[in-house]
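Letters A, B, C and D mark the chains as written, and numbering starts fresh at 1 in each.
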């Protein structure tokens, strides 16, 4: 471990940590909390909690509906959050759909395509049926796998996928035979939550677009951790969750290219997404409203806007650099542990701060338990990416994930904890 | 009451005594627009004297249901745009849209907007901006259709 | 107005109001806020905001996933909220599905039925197709109309509906010919948000069950306002929203009979709702998990639990009595206004506290604007029940809705405001 | 470390030296159970000496992957239940389930549970309760199937 690794970046981690109330609590027998589970969900700074609370205490009303002052203010705050999120990822305002989480965003696309077959001539180009193919990868989170399995089941389309190499990368040796002319959708993750791998998007989206397929990007683990400009990802749709990027639970984002959203049939239907409603049939509002049925997660969107402001103020470049340094430090540290195997790219090349590993002779659950006892919160299990576990012939892994509030001390605690688990179970 | 900045005397006048209301023949295009949040509707017809920007707006006729703002706005539109060229009318529409969406921060140009400056206060009530714009959006749409239909019809 | 009407109930409204920070703010030119738009969304007491904040500051973690202490605590709080909600409506713990709002809950049922055709033999009994009928009413909120219109469009089933009588009731003169042997679903509202009508559920659910149809109840306007025991509604599914019952935005509830939920195919798919996942296909967890894909709206569910605790402490019987008294007072007060027409039941019989009206010669938008200027927040428009407006040949209505924090003073302000609007536009 | 209340010496012993592990013939029923949160799996077989409550549990054999808690729990199950009658075995299972789901507030009955009392500490770790119960649920399921299969097979 070099001196630069020990001071990984220009981020003032102490100052940042002071914004996160939960980081000063203790767990178990009065242990300091070492939170290395941000890949599952991030902690929230005071600024986000304050924004939500202020919304409720001063401006709470149903948006888009009332003519009274509170409704105006609530609408402004909600739509303001949309503008904030749009700017953050280089999108247009009306290309941002608020969902409840990334899972809903991906399901939205899958169901909208599924609905296209019966939604009239304008939607026909989106229809999916027998003979069509949907392409995913073996490293997808269940959220970007099951909606496509289900779409295939409903429509008779066929699911195909990219396999993985031994060092945790997509096997791109034969892109053209996986993405064929029958592909309608190519859905993949930007960064694997289980392996840490960052995928090369250009080669895949180039091929996808060449055959006329839509590209759906799961950005759950990229947008929170690095600057992402949706227009340069080559994707047609990008989904991510607010709770993984300092925002509240209960809010996610789906970005879609304007001309696609404008032509796609709705998914959830109900209030606020309509143009004209008659008992005999209804027409729908333009996006983004078309895809936001019912009273939305207003306070949560406002909270997410505050989270984006927080990340913007810190600077996504800096967040990314900090995490890269932490990841390098962690890979180095874990390499010193005998019998520890990294599941995923072993080097810091094209990889983010999700480090999965196994320890010879100790089940990940037991490793996690010892770590928990020491105050170190990691995740154990299949990380909602069960096919990855099968691919690497492990029942599960222990996974540490990093964020802007983590320091090298946290990683030292992790490495020491793994050593302790080894002693305990030896 | 702040409300008087919204309900200017001119607006109330136009609301109570609308100009040009009722659907008339002949017309080059007819459109039907709806405000989905409140259910207000307008049917609007335009009759143009040709198909280019220099053509005259010969008539705008309309009918529908709506609040004072949307009704008065249609009446003012009729007063302002009939007799102008298509190019001028669309320019006025654009100016009006800018004013309405300016959240009260756009200075209205009285030379261009005439009576329509009375709507400046509406811009501060976002929920009402759509009411004020309903007929103007319908006009823009109908004009585009009328121009398109006549152009398309030329052999 | 009688003396009893002026002191409508045993509720200590002043003490309750003190719990709602927003009620002490002013609007427009320093006017006291008179909030009569709880039918759109309710305000939130401090207790709910505190519960959410405490969750984030002390226990925030992804539920059902981690082996660390925060994850345990978060899971306990989330599942505790489920138990609280279940007890509140007389349901079993595992019959409660958290959704993002009531709209999602109803869409869940509609999509799950739509998916049944391709979901294997166990689900076949739920399948909907050509020849089948879905029955709704003409007073449904768009949230309980469009999902069924769409289900019909996707599957070829036929939509039928109960019409309305002139005084705002369901026309039940011919129940058996509306609900025929072809009916698969009967979806209706417990209380109309636009008319205030409380529907007689027994006659409809008896007929529905006699022909083997499922009953879906939209309880958005009943569960927040009166004691509701789901088992005695005769419904098979009941949906409602947290934000209308003092809870946060971004959370709703779908209750379903256990044996139905257990046999129905999933709707949203992704993490946490699975049993086993393979690239080739997946199996699903039992309910309620089966219907909660992805990281859920954890903090919002916890907040909703706190809202239920708050309502329980006040007592739903008392809340209901208070609102009935307010409604009587409002109907009396509005009757004194010349040219005012109530849209909906004119008496306080089988009706809740949503009072819609028109005023001769003044558009509802303009009535609402004058009220807003006086600090009185009401809703104007079609209230997401556009067919109701057509039925009564009005473009829109002005609607006042009441809750436990409203007093007769609020209604006096409403009546005075309507008089003022008349003067202004005369 | 609080953890020692979880990882009792007995548990670690059973984990390192599992009893009865490996799938054996003959068997009346075989089941496969999975813990969906962590992917742990068990295949478990039972061989009964008859179909009523008085019948003996002649063998329980199992294989699979899992953490120390789930592995040790299967081993203890083997020790405890083989040789008991079906009725007794199910009663012990029920007692164990009650202990596990008691959140650390249920006093274990050592006479009934013997070595399985060592799992009392697991009840305080909700995420691990499923690990401890995996083999017991599989046993209950397999036994029901074995009884059902044999009963169904009787003419």
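Note that in this section contacts are C-beta pairs under 8 Å (C-beta built on N, C-alpha and C of every residue); 3 or more make two chains touch, one makes a residue touch a chain.
The shown structure was predicted, so the numbers you read here are calculated from the model rather than taken from an experiment.
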{"item": "Selected pair, greater C-beta contact count between A-D and C-D", "value": "A-D"}
{"item": "Chain whose Cα centroid lies at the greatest distance from that of chain C", "value": "D"}
{"item": "Rounded Å distance between chain C and chain D, as computed from the means of their C-alpha atoms", "value": "45"}
{"item": "Centroid distance [mean C-alpha coordinates] between chain C and chain A, Å", "value": "31"}
{"item": "Approximate Å spacing (C-alpha centroids) for the pair chain B, chain C", "value": "38"}
{"item": "Multi-partner residues of chain D (each touching 2 or more other chains)", "value": "37, 125, 128"}
{"item": "For chain C, residues that touch 2 or more chains besides their own", "value": "28, 65-67, 71, 274, 276, 365, 369, 380-381, 386"}
{"item": "Chain C to chain B touching residues, read off their complex", "value": "28-29, 363-366, 369-370, 373, 380-382, 386, 389, 395-396, 424-425"}
{"item": "Touching residues on chain D, where the partner in the complex is chain A", "value": "1-3, 6-7, 12, 37-41, 65-69, 71, 125, 128, 131"}
{"item": "Parts of chain A lying in touch with chain C, wherever the complex brings them together", "value": "21-22, 25, 27-28, 33, 35, 37, 40-41, 43-44, 49, 52-53, 56-62, 65-71, 100-104, 106-107, 111, 115, 118-119, 138, 141-147, 149-150, 153-154, 159, 161, 241, 243, 248-251, 266, 268-272, 274, 276-279, 281-282, 293-300, 365, 368-369, 371-372, 376-381, 384, 386-387, 390"}
{"item": "In the complex, chain C residues that touch chain D", "value": "64-67, 71-72, 75-76, 274-276, 285"}
{"item": "Of all residues in chain B, those that touch chain A in their complex", "value": "34, 36-37, 125-128"}
